[in-house]
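In what comes next, subunit A is part of two complexes: it sits with subunit B in the first one and with subunit C in the second one.
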Partner chain A sequence: MTSASVEHFLSQGTAVSSHSWLQGHRDAANRSLTNSGFPTRKMEDWKYTDVSSILEKNYTFNKSIPPEGIDSILSSARIAELECHDLVFINGIFSRSHSNLDALPEDVVIGSLSELITSHHDRISHFLNRENRHEKNGFVALNTSLIEDGAVVIIDNNVALDKPVNLVFVSTSDTDEVAQNIRNLIVVGTHARADVIETYYGPDSTNYFTNTVTEAYLEDGAGLNHYKLTEEGLDGYHVGNFFVEQKQNSSLNAYQVSIGGKLARSDLDINLAGPNAEATIYGLYMGEGKQHIDHHTTVNHSSPNTRSNETYRGVLGDKARGVFNGKIIVAKDAQKTEAHLSNANLLLSSEAEVDTKPELEIYADDVKCSHGATIGRLDDTMLFYLRSRAIDEEIARSLLTFAFAEDVIDKIHYPQIINRLQKKVIGKLPDSSLIKDFVS
Partner chain B sequence: MSTNTNDVENLVGKEYKHGFVTDIDTDTVPPGLSEDVIRLISHKKDEPEWLLEWRLKAYRHWLKMTEPSWAHVNYDPIDFQAISYYSAPKSKKDGPKSLDEVDPKLIETYEKLGIPLHEQKMLAGVAVDAVFDSVSVATTFKKKLSEAGVIFCSFSEAVHDHPDLVKQYLGSVVPAADNYYAALNSAVFTDGSFCYIPKGTRCPMELSTYFRINAANTGQFERTLIVADEGSHVSYLEGCTAPMRDENQLHAAVVELVALDNAAIKYSTVQNWYPGDENGVGGIYNFVTKRGDCRGVNSRISWTQVETGSAITWKYPSCLLKGENSVGEFYSVAVANNYQQADTGTKMIHIGKNTRSTIISKGISAGHGENSYRGLVRVGKSADNARNYTQCDSLLMGDKCAAHTFPYMESRNTTAVIEHEATTSKISDDQLFYCQQRGISEEDAVNMIVNGFCKEVFKELPMEFAVEAQKLMNITLEGAVG
Partner chain C sequence: MLSIKNLHVKVDNKKILNGLDLEVNAGEVHAIMGPNGSGKSTLANVLAGRDGYEVVDGSVEYKGKDLLALSPEERACEGVFLAFQYPVEIPGVNNVYLLKAGINAIRKHRGQPELDAVEFLSLVKEKMKVVHMKEDLLNRAVNEGFSGGEKKRNEIFQMAVLEPALAILDETDSGLDIDALKIVANGVNNLMNEDRAIVLVTHYQRLLDYIVPHRVHVLSGGRILKSGDKQLALELEKRGYDWVIEEASAA
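Take a look at the complex of A and B:
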């Protein structure tokens, strides 16, 4: 099955690219996928996640579909009341008419890869797939092999972007087996600042597949706040890889929220490659029904004096399954590293499942590293406290569950995103109308 | 910083204290592994047909398996055909009736190790079934144990004297084809210990076995089986030292524990096999499968280990918590010095209701040592109210060593509570400064801090072992003054 699916997926690529450097990457990725194939459960990183349900489909990639009812989909995909530079991709293809790039400041390059690849060929070719990303796994290889469109955000040195960039990726297909392949590139120059939001959104009832890769490069002293909101439809499949390369004194705040998708896998690979680089990561995943949500993170402290702090929370109800794997690597000479990771999971139903594995791989001695992971249910004493104050059990449970998720949500800077997530989280809990009163 | 570097240099300079070879004629089978060798072993040991069949089945399965490569260790591939699979001290043939008849050199070996085998060493009340290479040589305190109804003998004796018990429990916890090394062990195991505690009996003394690897090129494949019947209690001690060798020696033991209703087994190990020299040459490969089965309600199995030796340790003493209210415990101190590599941890499989498990793991890495904790806590659907607490801390000494943690947690039950905590750090300059400022020498301070770091585990060891473990730790840290 695997080799057949590799063949099918690779055949989805377009004709030879007019850029020979890009064709080089595509060919390398092609070879790598042909040789190694897609991940299987025999691989340690995919032990708990079976992707065969994606591979057995005959997806058609980046199909242009008449955007019927696109406005209503977009209005729910967009973040309400958020002032931002807007890039909209429909089924993996950039839609200028739905995007809003009118008020772009100078010294920034923001737009779609397909449009900018010619005009900003030098800078894009310098960064895109720089670290042979395609070698990570079959999905990144597939993504590289099919590179066509995606967002490009390049911020010049010493520029602080005025508004966040909101990248909206929607799938609109009303027929099954449409897939989107998205490749994003974010470059934040020396002492520059940017906020980037990626929203993945799709209809609930169709089987589609999103394969996305984002690469971010932070130069000396750069700052990036990155939000990834995975809100795929409940029959949608999502595989995402986010790579970050940080030079000295740069700082990253990454927020990874997964509340959608039948199977949603998000990988985050951070390389703290310069002294004093710093990364803070917050993650939240909520699953219900038969959702399968998987987060894998790797923070590589390859330079001394680097810091990372990672907090992930998971709420699993019904028959949902949550997977978390957080790896911290401290390289041989990365002394004075400080790395902390915590993962807490709440199981709401007796049929839900969580598999978590926080890992430490440490090759230096002068370090402070810790990780912690918990799996449990709502605390009986907390429930009792609320019930003794005449709050009925269902509401008490919902309130406590909400509070558990809120710990991550309230770390977000934008009240508009907080609002959106609060509504979504509450919407998933029983008695949601009643809790709203408590929350607002 | 500089002080620690010196510590490590001194550690590296320390020689293995138990390295000596005893010259005894051994009855050794030429190297190589085949069905014939297995038949020969079985024949030499005068085994019943069913056991030979069991061995051959395991061997045939082993042939189909591949060596596991997932552990975080590196070593040259093992040539299983270059190992001699049977080695028995000649003295057994002469049939020693008492300690006087035992080869004096053997006794000397034990004396050098300070093993309480001879009378003056029985003070601690320890009965020793000493496995010297592969065959049990001397057994003490047998009488006292048999008065209590406790069966404690070598595995070969058990096969002859208590075939029903052996047949019933052998392979019931670690099946013959469980994993690569367990299958190999099942095919070629030569001896080991067998222990049965009858219903309602509290074993009157700590049981103890010392394993030594002596003859060159002889992998040792012991098999230990401990069965604690309803309401019984036993504490079992296992300690290991091995002489200096330049070739890597393979040790693939299997330990099976069975605890029935209300029974408790405490299994303690001090492992101090030859770790190889300061350049990583030689040393024992220690690939061990240890598993306890809490089969009955309210049963309890507790593993305590102090691992300071071996070039490579690959060992995961585990508990299957099947009975309701059963308890599994794992306390471990693992030291990886010079070029030692340790990949060790535990598995706690919660199956019964109200099962509890505790994991305390302390890893110390020095020199070029690599220390990994690898653990699994799995809570099945039926394990209502299961509870696990895991703590694994690593201490790094020197900038060339490494410490890793790979804890797997899988929960399928909403009423289960699982907690995992891990920290990694070096001995902080503040702590050292605090001690030295109060007139404590640096060596004492390092000793104190390390012993404090391990205390949670040491206090779980039986008295005799706790003393030995502390001594071992201090020897390991000897000369750790900057």
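Take a look at the complex of A and C:
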């Protein structure tokens, strides 16, 4: 099965690229996937996540579709009232007419990879797939082999981007099983700053697959706030890999929110490659029905005096399944590293399940590290307290669940994103109209 | 208003209440006193409907209804209020929204229109004065980061806003300094009228200097051993509980 699926997936690539450097990456990735195949549950990193249901489908990649109905999908996918530069991709293809890049400041390059690859060939080729990303796993290899389009955000040195960039990826189809292959590149120059949002959205009951890879490079003293909102439809599959390379004194705030998808797997790999680089990561995943949501993170402290702080919360109801794996690696020379990781999970039903594993690999001796994971149910004393104040049991449960998720949501800087997530989270809970009052 | 007959209650398969009888009429303040482990808090929790308390015998009638058949929220809607001995911190749930949702649930249950934001706010402002509640505590998460005294005061504040018919105060006085104690007493005295009743569960006579009870009961071994008026509390303060227990076992 695997080799047949590898063949099918690889056959979705288009003609040889006219850019030989790109074709070189594609060929290498192609070989890598052909040799190693897609991940299986025998691999430690994929032990709890079975991707065979993705691989057995006959997806058509990056299929252009007639524009009917797209406006309503897009209006759901966009973040209401957020002033931003936005790039819209439909089934993996950039749609200039739906995007808004009218007011781009100078000294930034923001647009689609397919359009910029020629005009900004030097800078893009310098970064794209720089660390042989395709060697990580079959999905990154596939993504690299099929590189076609995605977003490019390059901020020049000492420039602070005026507004966030919202990258909107929507999937839609009438009948076919469609897939989108997206490759994004973010480069934040020396002492430059940018906020980038990636929203993945698709209507429920559309069978599709998103395979996305984002690479971010933070130069000396650069700052990036990155939001990944995985809100795929309930019949959508999502595999995402986000790689971040940080030079000295750079700072990353990453927010990873997964509330959609039949199966959604998100990997985050951060390399704190320069002294004093720091990363703060907040994650929230919520599953209901039979959703399967998996987050794998690796923070590599490869330089001294680097700091990371990672907080993930998961809420699983019905028969949903959550997976969290957070790895912290501290290299031998990375003295004075400070790294903290915590993962708390709330199970709302007896059939919900979560597998969590924080891991520390420390090769330096002068470090401050902590990690912890919890799995629990709603607190009985809190529930009783609320009920004794005339709050209905169902509402009390929803309220406490919401409060648990809110602890991550309220760390986000944009009230527009907070509002969106609050509504989405509340929408998943019983008595949503009543608990809305509590947060209004 | 409250009629408890022959109440037997088990917690974790251990008998805590052993045939407790208590009658509380509207317009009365009752004090339940007794040594540690006598079942005082169990009584308070059973009346509020907490899980984990198994009623094996007896009955509790409240305003003519079988109280034990009601869920905690139904009891609250019917006018039962428990001031917790250890008020729980609930991060992420706003104090004032909890109160608003609570009072409107109670009003809805009574067939009264819900309070709008303005009406609610003026009620809250008025009641805050009664308990000298600091305004910044209002918009915090429920009890989060409150000092011990602030938590107890918040309980009394909630009671003042919700205006229950039957308030049960579970050792609200413990751990309070004299000023806080006066505030609690003031809140209780403010609430009292001929339609309401209050059950004070307490260790010490001290609170009863400020709230004059109609009846004082000694609870020990899960039963009421002796009842009397305010004088009984003073006697207990002087002589302890042993003489009551001896007297009861002799009888």
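Worth a mention:
Here, the second predicted complex is superposed on the first by the 439 of 440 C-alpha atoms of A that agree within 3 Å, B and C clash if a C-alpha of one lies under 4 Å from a C-alpha of the other, contacts with A are read in each partner's own complex, and residues count from 1 in each chain.
Operating definition for what follows: a contact is a pair of C-beta atoms (placed from the backbone, for glycine too) under 8 Å apart; a residue touches a chain by one contact, two chains touch by 3 or more.
Worth saying up front: this structure is predicted, and the values here are computed from it rather than measured.
Superposition note: with subunit A as the common reference, subunit B and subunit C can be accommodated side by side.
Touched residues of subunit A were counted for both subunit B and subunit C, and B has more of them.
In the superposed pair of complexes, A:Tyr363 makes contact with subunit B only, with no contact to subunit C.
Once the two complexes are laid over each other on the shared chain, residue contacts for A:Phe384 go to subunit C alone; subunit B is not touched.
Of the two partner chains placed by superposition, A:Ser72 touches none, neither subunit B nor subunit C. Between the C-alpha centres of subunit B and subunit C, as viewed from that of subunit A, the superposed structures give an angle of 70°, to the nearest 10. Of the two partner chains placed by the overlay, only subunit C lies in contact with A:Glu406; subunit B stays clear of it.
Within the superposed three-chain model, A:Ser20 lies out of touch with both subunit B and subunit C [touch as defined at top].
In the overlay built on the shared chain, the residue A:Ser11 is in contact with neither subunit B nor subunit C.
Once both complexes are placed on a shared chain A, the shortest Cα to Cα gap between subunit B and subunit C comes to 13 Å. Comparing the two complexes, no residue of subunit A contacts subunit B in one case and subunit C in the other.
For subunit A in complex with subunit C, the residues that touch the partner chain are 379-382, 384-393, 395-396, 399-400, 402-404, 406-407, 434, 437-438. Contact residues on subunit A toward subunit B in their complex (touch as defined above): 44, 332-333, 335, 345, 347-377. Across the interface of their complex, subunit A is touched by residues 48-51, 71-73, 75-77, 81-82, 84, 87-88, 90-94, 97-103, 105-106, 109, 141-142, 158, 162 of subunit C.
Within the complex formed with subunit A, the residues of subunit B that make contact are 1, 4, 70, 379, 381, 394, 396-426.
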